[in-house]
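You will see chain A twice below: alongside chain B first, and alongside chain C after that.
Here is the complex of A and B:
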């Protein structure tokens, strides 16, 4: 798509059109500001509300999507940030056309991605993430009759299993890596959250008959051209099971690349924010899963706070903060109960591929190294994906720091990047001026 | 415990080469490295092993070093990514082509293989270049390599030969020993400072300053470049102490990626990417190789070359302190000159005859800034 017609200078750019980003844009537009929302996907909604035209969405999604659209809010889909040359400046790839965008404030609502951990056979075609399976399904992959094993963690496997089952797939089993006690304690905590509990029960009802086992994980995937079997370990025993698809991940992890490129502090894989969702960089706020995975309700209220705070609204209703804190506690609970177990990190052998792009195997790496040392010595993470998968895997396996990405993000054509950088006003010429405060 | 014969400070490619050669000569060697082999400028460098001719002394050390590299690379592991692609010095117009012919005579006089290509031959040799260039000087024996893997291999070699590696940051030189950031001191018969652009921190008064450079690497691409291609104008921009300059310099990697340079700025140790410089550098690259504009850019980084006022390295004993030797100041030629520098240091420390005259590189020489 081409670049939308933009105001000469924007008050706010929101990166990500999931629940957090939509709520932030809605709040900022509500106080009369010029807002642009960017999202990589062809339609707004984020991962959770990813849809095709005509799909039925939950009411909260419909409400937000109705409010966040032109002319009230400019929305650019198929768009992503490739560089940030100076404060208040973003180089945006609008579906292949790069342009410099100037803005008074940025709200990062970049969401989460799956924690894909290597194990023998994980690079075979047919082995995908749990959310990856969901995305394939929403993109129209026919699954009727396919045998699918889901081995994941936390709430995500449930809607995915329900949707697959609904489309006629044979979901062989749902494996939860957390043990039974952790899952039971999590289930108990849902008593205080009736809406979440209702959602969970709905998914369980839709997946009745599918075996659900806790304390289980994938040991390896087998097959030559494509996965044909998954070897699972459940309750101390190994089992080999035939499948057409193996959907597996160790839960979700915040997406922080852009935040790091902007210089924001990231701690324990999350963008650090204060009470008003401000990051450690002036002019940049963050909301939703990129600040810690806590579900779409946390994302929405954080987005609202971030949108208001970024527009200089000083008096934000206390009820919003209280709701945010409540949802955040739920997020902490999720993180605790569904933390990836040690055994998931111990599946790699010397022969297991860590970095697909550069064909680096685990045996080439000494866990005592730093991330940069491993990269310079073995090329791990130097390939086309720039460590998007293996960087995260190595972080989990070896406890390395999150490497700060080097621009550009997303591999734009060299010439377009250079041209857009040349067009960006030198930062010293126009210091960023945030919108005046609204008492 | 008796102390080692030589303490080499810094395991960049220069320090690693020195340590390995000293160990090979039978000396007891200790290596002090703040991070890991190749972590500094070595890890940011292009890895172009090139004969340059700004001055007779520069040419002599380049020529000797490249000859040594051809021997060394034959024994290094595949991770060294040895690529004998040669260099093409591009002449944009007839004036530059005349300069190329002058260089050709100089190279031939010293026994370096080279040939001048006319416009037609150049277009055939390197079809990705824009039409209209006057020609080029082709130096077929120049090479491309992957410096951090070589630094690692050389340090591992040195350790196999009995050297010890200590991972500590050196913070001060004292007579006969080095003090580290954790308070430990390390004594040795001789100390070789090979900390590149950071050397002046240990040796106040050493005329070395960091000169920042930007590089961009592309994704793997079907666009083929067969030589390291550099504009002849690079020779004029390379070794001056003035403001930011950019020059066309593109290198094919064995991975199928292209490494795009270059820039030169004196801004201290500022590790930020200067987008305005990056934009100029990339724009210049696309004027020489138009197809480059469509190649996906993977990442950009900066590095710091150790620059001296007269564009020659500092190799030899440091007059300020007994037993201290210096090996730095190679600017953009530290990778190329690492082998020759190691030969000179080993000769100096063992009393063996040097392979070439070390006099032009002595650290206490009078220095006038190189002509711009």
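Here is the complex of A and C:
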């Protein structure tokens, strides 16, 4: 495999510029190493610190973003990693130009994505993820005056509702699919986590007046050109409500497709890592929500450990491990309390589109198949998203295992992909443009 | 806020700079980013580059995720009719 190779000799490439990736890069730069951070988003910050120029970020974000920038650390945004032919080599799509990046070590900090489960009407414009709603809002979507229904799970609906409300949207209600008991037990456990509790109370205060209902979910979305109504089921009763947006998902799931391409073991949807955040593949470490969803604090401390471990630092302070383990336990609690309920899997009808890219309907699928058989016979998971949405859905619906994606991930320009694969002597490539300055 | 001009199917439209193309198109009242095999409209879902429902043709390149692309002066986007 050859592609234009970036000249710079790198000690570490970090994939993902969220809290985990930034912390990893900061730690490695702190011991004097050459680090490049890649992120497909237009700016660093990941999901929680997604921003546009001029947005005010929390102080911990500003501090970290300020340390992880040129000349201390090279940062390339708008850069998707589309393949990993070997542990030390990544193929990167820099906005339409492919280049190979060679490095001594890789830290995967690819974060999480939402568990988007199919239900009748879910392909209508205006039906989005809960974090998806947040991401679109932060990207400049106007929402003032829009009626929005949030039907999600776990802590994410809260900051999203608060942000939408702040921007003048009418958040009609927040539905939590988990039962009241699970939510109450989760709330009780926050007593041992004063910082998280304070955050939760802040969000609640910012969303007072918005009804919050546990044990509720979306049955279907209605509309022709875009969503106009959501049919909800709460407390055994169905209700139809008018809305401009329906933001719905069944919580978060680690994003592991790149890890799978690299051959890292993925178990129960998470990249498997050891005490020092090393994956099962030599030269590859992983940190943050791609190793299990546990929030931004876990992501930061794991990133620090991974950055140090990847640079061969032997003596990592024990306090970091203890903090990591504490945050991880919180992650386990989240997973238990907010596990997707059975009814969410029973919403699909034969007519419901399962694979959004290839327009495969649930009726065309036999749940007894494997993911591979389904791919062969129906093209489920063969489209642009490579099963990022439907593969996850089928796993949740039918218990299929995760099919390993085929490189390249996404849709890099095909001509240049073929060239990158076929070129014998790599021409000198222009290095990626540096990230825009951080406000 | 500064505006930029983008070309939507050849028609110049002013949108605020710093928006993602996905947010800019929705703001212009466009809810059909692509069309599925039954002719139904599709639009952004995840906002973060995983679902590919927001893909459009930009400056002659197809399959570009509009949620990951900031608008810029003179950007040409082709959408289904």
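Just so it is clear, the second predicted complex is superposed on the first by the 410 of 439 C-alpha atoms of A that agree within 3 Å, B and C clash if a C-alpha of one lies under 4 Å from a C-alpha of the other, contacts with A are read in each partner's own complex, and residues count from 1 in each chain.
Just so we're on the same page, contacts are C-beta pairs under 8 Å (C-beta built on N, C-alpha and C of every residue); 3 or more make two chains touch, one makes a residue touch a chain.
What you are looking at is a predicted structure, and each value in this text was computed from that prediction instead of being measured.
K.L.:
For A:131, select first, second, both or neither according to whether it touches chain B, chain C, the two together, or no partner.
P.N.:
The answer is second: A:131 touches chain C but not chain B.
K.L.:
Give one of first, second, both or neither to describe whether A:141 is in contact with chain B, with chain C, with both, or with none.
P.N.:
In the superposition, A:141 contacts chain C only.
K.L.:
Looking at A:235 after the superposition, I want to know if it touches chain B, chain C, both of them or none. Which is it: first, second, both, neither?
P.N.:
neither
K.L.:
Which partner, chain B or chain C, touches the larger number of chain A residues?
P.N.:
On the superposition, C touches more of the residues of chain A.
K.L.:
Looking at A:407, would you say it contacts chain B, chain C, both, or neither? Reply first, second, both or neither.
P.N.:
In the superposition, A:407 contacts chain B only.
K.L.:
Could you say whether A:83 touches chain B, chain C, both of them, or neither, answering first, second, both or neither?
P.N.:
In the superposition, A:83 contacts chain B only.
K.L.:
Using the superposition on chain A described above, determine whether A:384 touches chain B (first), chain C (second), both, or neither.
P.N.:
After superposing on A, A:384 lies in contact with both chain B and chain C.
K.L.:
Applying the touch criterion given at the start, work out whether A:47 contacts chain B, chain C, both or neither, answering first, second, both or neither.
P.N.:
The second partner, chain C, only.
K.L.:
Report for A:370: first if it touches chain B alone, second if chain C alone, otherwise both or neither.
P.N.:
first
K.L.:
Shared contact residues on chain A, chain B side and chain C side combined as an intersection?
P.N.:
Chain A residues touching both partners: 384, 411, 413.
K.L.:
For chain A, which residues count as touching chain B in their complex?
P.N.:
83, 85-86, 369-370, 372-373, 376-377, 382, 384, 386, 405-408, 411-419, 421-422, 424, 426
K.L.:
Give every residue of chain B touching chain A within the complex, in rising order.
P.N.:
35-36, 38-39, 43, 79, 148-149, 152, 216, 218-220, 260, 273, 275-276, 278-280, 282-283, 285-286, 292-301
K.L.:
Looking at the complex, which residues from chain C come into contact with chain A?
P.N.:
The contact residues of chain C facing chain A are 16, 18-20, 22-24, 26-27, 31-33, 36-38, 40-53, 55, 61-63, 65, 67-70.
K.L.:
If we count contacts the way the header does, which residues on chain A are in touch with chain C in the complex?
P.N.:
Residues of chain A touching chain C: 40-42, 47, 52-54, 78, 80, 96, 113-114, 116, 123-129, 131-136, 139-142, 225-226, 255, 353, 356-357, 359, 383-385, 388-389, 410-411, 413.
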